[in-house]
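Below are two complexes that have chain A in common, paired first with chain B and then with chain C.
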Partner chain A sequence: MRDGEGMLEGLGEALSRGIERRTALRLLVMGGTLAASPRLLAQGAAPKRGGRLTIGADADPIGLDPVTTAAFSSYDFTSLLYTGLLRWNAEMKIEPDLAVGFEQPNETTYVFKLRSGVKFHNGKALDAEDVKATFDRIKDPASASPNATLFSNIKSVTVVDPLTVRFELSAPSATFLSFLATNPIGCITPRGVGDLATKPVGTGPFVFESYEPNQQFLLKANPNYYESGQPYLESVAFRFFKDQASLTTALRSKAIDMTWFKDPRVSAQIVRTSPDLVSAPGKTTRTFPVWMNMKDKPLNDVRVRRALSLAANRQACLQTVLGGSGKVAAMIPESHVGGYDGVGDMPYYKTDPAGAKALLAEAGYPNGIDLGEYIVVAANPLDVSCAQILQQQWAEAGIKVAIKPMETAPLLAMWVKGEYPTLLSVALSWSPDPDAIVSRLLSSNAYGKSMGMNDAELDAMIVGARAILDPAKRAAAYQQIQRRICDQAYVLDIYQYPLRWEAWWSYVKGYVPLASNIRSFVRTTWIDK
Partner chain B sequence: MGAGTMGRMVLLRLALTIPILLGVSVVAFMLMRALPGDFAQAAAGTTSISAEALDTIRRQLGIDRPLWEQYLAWLSGALVGDLGRSFVTKRPVAADLLPRFLVTAQLTAMAGVIAFVLGSATGLASARLRGSADWLVRGLNSLLLAVPNFVVATLIVLLFGLYFPSVGIFNYTPFMQDPLANLTSLLLPALSLGLTVSVTISENTRAAVLEVSSQDYVMVARAKGLPRRAILLHYLVRNALTPVITVAGLQLAALLGGSILIETIFTIPGMGQYLFDSVTTRDYPAIQAIVLVAATVVLLMNVAVDIAYARVDARVSYE
Partner chain C sequence: MNDAAPRPGARGRLLLTIGLVMLAVLVAVMVLGPSLAPYSPSRTTPDSLAGPTAQHWLGTDSIGRDLLSRLIVGGRSTLLITFASVALALCAGLVLGLASGYLGGRVDLVVMRLLDVIFAFPVFLLAIAVVAALGPTVPNLILTIAIVYTPTLARVVRAPVLSVKRWDHVEAARSVGVREFDIATRHVLPLVVSPIIVQTSLTLANTIFTVTALSFLGLGPPPPDPNWGSMLAEARQFMELAPLTVIGPAIAIVFASLTFIVLANGLREALDVGSR
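And then the complex of A and B:
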């Protein structure tokens, strides 16, 4: 099954049932974890208990409070420490977690029934007040929570009884459940506990033990975890390797049992060194776009942008940079609802340097055009080499650019404010819902403004798609949105690829990598050495 | 030279470090803030956090205030030993920095000893033995000088990690936990850090020994039939040591700089890796503290070199 379908069905199942049987309390069947994960069953033998899993991490966490952290490097830890009302299963379908199910009396109301007997790591029982307190904290401007934008459609959270909580939305939303299911966005934190950023207290399968920056992050099994028998591991240790060569050496020398790589070629090379190394099948979750400053000449002219799209040979970039481990991209990666599969026809995707030249001439640049600096992330060699290939391809159509690799922090500042001269590339990582991706192009959105977006028709399409609860119709709507983005060449997406390539030794059993690269399946992992 | 003059000299040199440190702190403060991008943006990455939320974070950290106000607030804290709180860990920077400083101090000291022993031994050998030994040492030195220490470190990691995994290349152990394991775990990093520096010391030792060898007093010593050993120890080494000490002292800055890369490659939780992380995340209080500490160490080391210089070379006086 393709990833896109998987997620689509997941949403479909969760959403359509909610609408069909609006008033019946619907309990999504638990134990779905195993049933829904054939890969776990296929591994056969009964899990062995005990042992430690050592994971090689490429970055230290920045804060461990799911409400306030925005750093991807923190997700590794929040995904073991905390859980939310819902979660993604191995097939990227939404299933209940801290909730046992929910009913949806109308399109904008969700009533969740909580599991009973769940305890936080500090021994306190979880109840509906904690759920409410978590969302109050997200909405409080003083928290500066990155999740506030994602949950801005929540009108109210009401405690019905200690194990029942009701969410009222301001409008029907197809994104709400996806965000709830995503760690750390939908994680529930205990009320009245301060300093979660350094002393995390959650309901997850592992408990915080110790953290020495740059060295080791240690977690031990939560004896009170609510899924019987889990976790199987006694402890999980993360060790930090900032250097790619050190990380690969650590995996090959078994100083670590599991890690992930940013470069598909490195991953392929490492896995070839031993038949006992397992590499996760890549799921395309990340896109490499060229963002354009359309506030001014010459990129406010659609003909110039279309020329850039026509002159680019996306397939060649994919083959050269990723060795084919990926797909041609549009705005939404394949692992999302309505994601682009990399083969369908998109406007201005067929490489045609002559056509590009003609468009440029029509726009008033018969002798070609110099677009100046094209800014890329220096720390990402994949991005830099793709930019170099694009530079050559564009040159053939008479478009000149000078590549300027930059440090990440100032590049992000430029990107957010739209202060780059013409072109800038920064890859977009997995986000729980396609809306989070395309919303960046709204003319009312800060990102949209920074790029100079001003397309009322596209705005209406994006806002409309949010409220489409039927998954098939929703997927079709996103296909239309992407088509419009390609036709107007608002963003030039080149290729899509997995954010991380995971790899582990075969004595690590029961682990399932997710398209989101969130390691929640460490809870079912066991060691067979 | 009397002890009094020496004491005055030391005090004067120490007093002079204060305006330098102030200058360093201003530069460190302004440079980081002159760079576009701040902690809030670096931590948020490409997530769709709202501009208002970013501003709230900036307000909470105080990085939205005028620069001079931020600097004065930081300086008044630093003067009483309060270096502020890290944006990332939210803990006092001093508490985060101290253990890392000790690790780097140990690594640098070990690398320094390795560099000094290796450098002066090869330099002396190359000057005294001449011929093929000289050729070999100088050839190796040129090679090591051309290959940066991070390449040497990466090669060591690959070699030991893949072919001698029992060495446990990434097993950094704190000194208090197991002193012996601690020394073993730092040996290879110290070697890769010290090698490049040893080249400078080796070349300077060689040049100094050759120069001293041709001095008249050495000729006289030889002519009056002193044993080679005595000439080497009492005439050559002592006199050749002066320029070598100066060079060795100045190489400390190179060692501190090199520790950033070496610690990152060998995953040692020292000040170098801390600086790397802090710059990437724009953790201003941490960066300022590290720069201040590193500058202090280098300045104090220079004062120490001057003192040692006077002790070794009778011609030098600070009157």
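And then the complex of A and C:
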């Protein structure tokens, strides 16, 4: 696993030294397979054409229009149906996709040149008008697009000529390109086509064929896809399974070729018992935080919050719940600019129940404190497990909580409105940019308000980091922001881990899992059976 | 009454003995629970999903808690909820069934139609709806299951009451001016006790399943309190990694319900309910 990671990093450097992208990608794919199964060393890697890839999915899509969908479960499908101006490569670096490149005449202007000859699935050619129409639709309040706030800094989108489009921003933004590269946020949709949510039309490597809810979602190869030779597969079928146990069985029996798991121990076990299964090491993209209602006593007192942080043993949580498949977390996962590496020193991270008790006594609770209900997502066993361990660790420092598992929808409503009594946990999944994560703590943000955030200094740090375009300086700024959050214990981040652990049979070649858990690389996948 | 002498057969006695022994085991676990458990059931260790060892006889669960301790303490919780809810259902069933059967007329009509409404719902649908509406706490769970099983018990009480209340000794009691309440409780009720006891035992067997199923669905006592149902739910995805985490609670559930089924059969033969 470690060797595989080393190889990936090495290739990343090769990429940045300017090796042609496709070659590098192929190398990367081979590297991944080699690391996982040395026996395949002798095999050549010329992709075979045809065949069907069957993927076991754990949730149905909720809408297939990239402008309006907000559900992670839709991304599996939008990532094959649609493409955007930019995309993430296997190293989670941004590269051109529908654009052949862009110029930046000044800090707030981006001019994109489009690929010529790209066709939508309905046969219509893509041009700059479609790009403009997509962003008009995102901005239109009538479409209630969740992407509207992400692109709120776009002042104007202008069609220069049929293959050139200019974006004017209201201020320099380090996040703009990240959002453009993210599927489905930056996907381009055809203008004048209605009802994309159920009849998707995109420029992606696969074309929508049919969908039966709870059963099967079928896609077939797009013969007009613009990457030469791709996709290699003739068709892709997603089959839906309601629980992890039936997914496991389906993968074992080869009823599906590929799937992903929510628990690292399940995935590790399956791969261990079947050597022909390949599992991806998975990058940490998801954090498990404890959110606090700081609007009122007792959590408006920083000493109580620091006591909670001191009493928690993050490493023990990580070991017990994930068997060590992850890292200790701060606000930003490691896969991001300025993400926390899980080992660096952070204020109030060293487990110290006695210190926690002293802080509580200082805050006026010499006999301990009862924080009442600690609300967690009932549907996520990892969350419920971690909460039980925290409950015990806190009890050692005299902090009492009662765990209350809740249905996801009412829990989210409670979280957004800040209507939970004291503590609430809901994991944060991958987001395209660290700003999207830390912005939740702005005193002007809806989430920040619901928590009772009121830290002018932190506000200034977060807003300032948005405009830093130099990656190294930006990383340093996010490190500072995270230290501030830990020092004030605004959020207790426990561990970071991959959102899903992907696994596939070794006859599936050319697939690369992405940190964002979006299966873009089905476009380079082929079957060798 | 029946012509043949009520003679409990050898089979009935055997079933009854086995049932009572099994019940004794369950009651012992329920009463002595926490003092029998080698560890605190919510004490976690990083050694998760470990197989049986000298320290942990049945191994550990997904977050390193001692499985045996959780099984014992979880059994206490499961059985307490079961007994409490059936006791409640029995009280309600006795009152409603006796009133309905003995008083007859309009009371009978109203009570039985109300119970029919409850009876018409599938058991689980009703239970899930009530628990979801009231919130998943132990008292609510007990109340819910009591509501679900009241109609069954009330009907079993009512049916024999309808015939017993026409017997001569009842008429005799009434003719000498005994109060209706006393006739119902002292002259009718004792004669309908046998089928009630058998039905109660069968209801206990069903209730074990209902309690654990609701708890399996997350409607039982909140974590970290163990319960056979929630233990199964937690362990399900690790079935292949650590089979004991599933087998343990599964066997416990089967044992408990089997206890009441054996007991019910033993009682049926001993009390000669079937031939009445």
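The definition used in the following text is that the second predicted complex is superposed on the first by the 485 of 529 C-alpha atoms of A that agree within 3 Å, B and C clash if a C-alpha of one lies under 4 Å from a C-alpha of the other, contacts with A are read in each partner's own complex, and residues count from 1 in each chain.
FYI, a residue touches a chain if its C-beta (ideal position, glycine included) is under 8 Å from a C-beta of that chain, and two chains touch if they have at least 3 such contacts.
In this text, all values refer to a predicted model and were calculated from it rather than measured experimentally.
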| item | value |
| --- | --- |
| First, second, both or neither for A:E334, with chain B first and chain C second | neither |
| First, second, both or neither for A:E502, with chain B first and chain C second | neither |
| Which superposed partner A:A70 touches (first chain B, second chain C, both, neither) | first |
| Contacts of A:D263 with chain B and chain C, given as first, second, both or neither | second |
| Partner chain(s) touched by A:V321 [first = chain B, second = chain C, both, neither] | second |
| Which superposed partner A:A245 touches (first chain B, second chain C, both, neither) | both |
| Per-residue contact with chain A, leading partner among chain C and chain B | B |
| Chain B versus chain C as contact partner of A:Q388, first or second or both or neither | second |
| Touching partner for A:A378 - first (chain B), second (chain C), both, neither | second |
| Touching both chain C and chain B, counted on chain A across the two superposed complexes | 243, 245 |
| Chain B residues within the chain A interface of the complex | 35-38, 41-54, 56-57, 60, 88-91, 96, 154, 157-158, 161-162, 165, 168-172, 264-269, 273-274, 276-277, 280-282 |
| List of chain A residues in touch with chain C within their complex | 243-245, 248, 263, 265-266, 269, 273, 316, 319-321, 323, 378, 381, 384-385, 387-389, 391-392, 402-405 |
| Residue ranges of chain A touching chain B (in the complex, touch as defined) | 60, 62-63, 69-72, 141-142, 144-146, 148-150, 195, 197-198, 212-215, 239-243, 245-246, 249-250, 252-255, 407-414, 416, 426-429, 431, 436, 439-440, 446-447 |
| Contact footprint of chain A on chain C as seen in their complex | 42-46, 48-49, 62-64, 218, 222-224, 234, 236-241 |
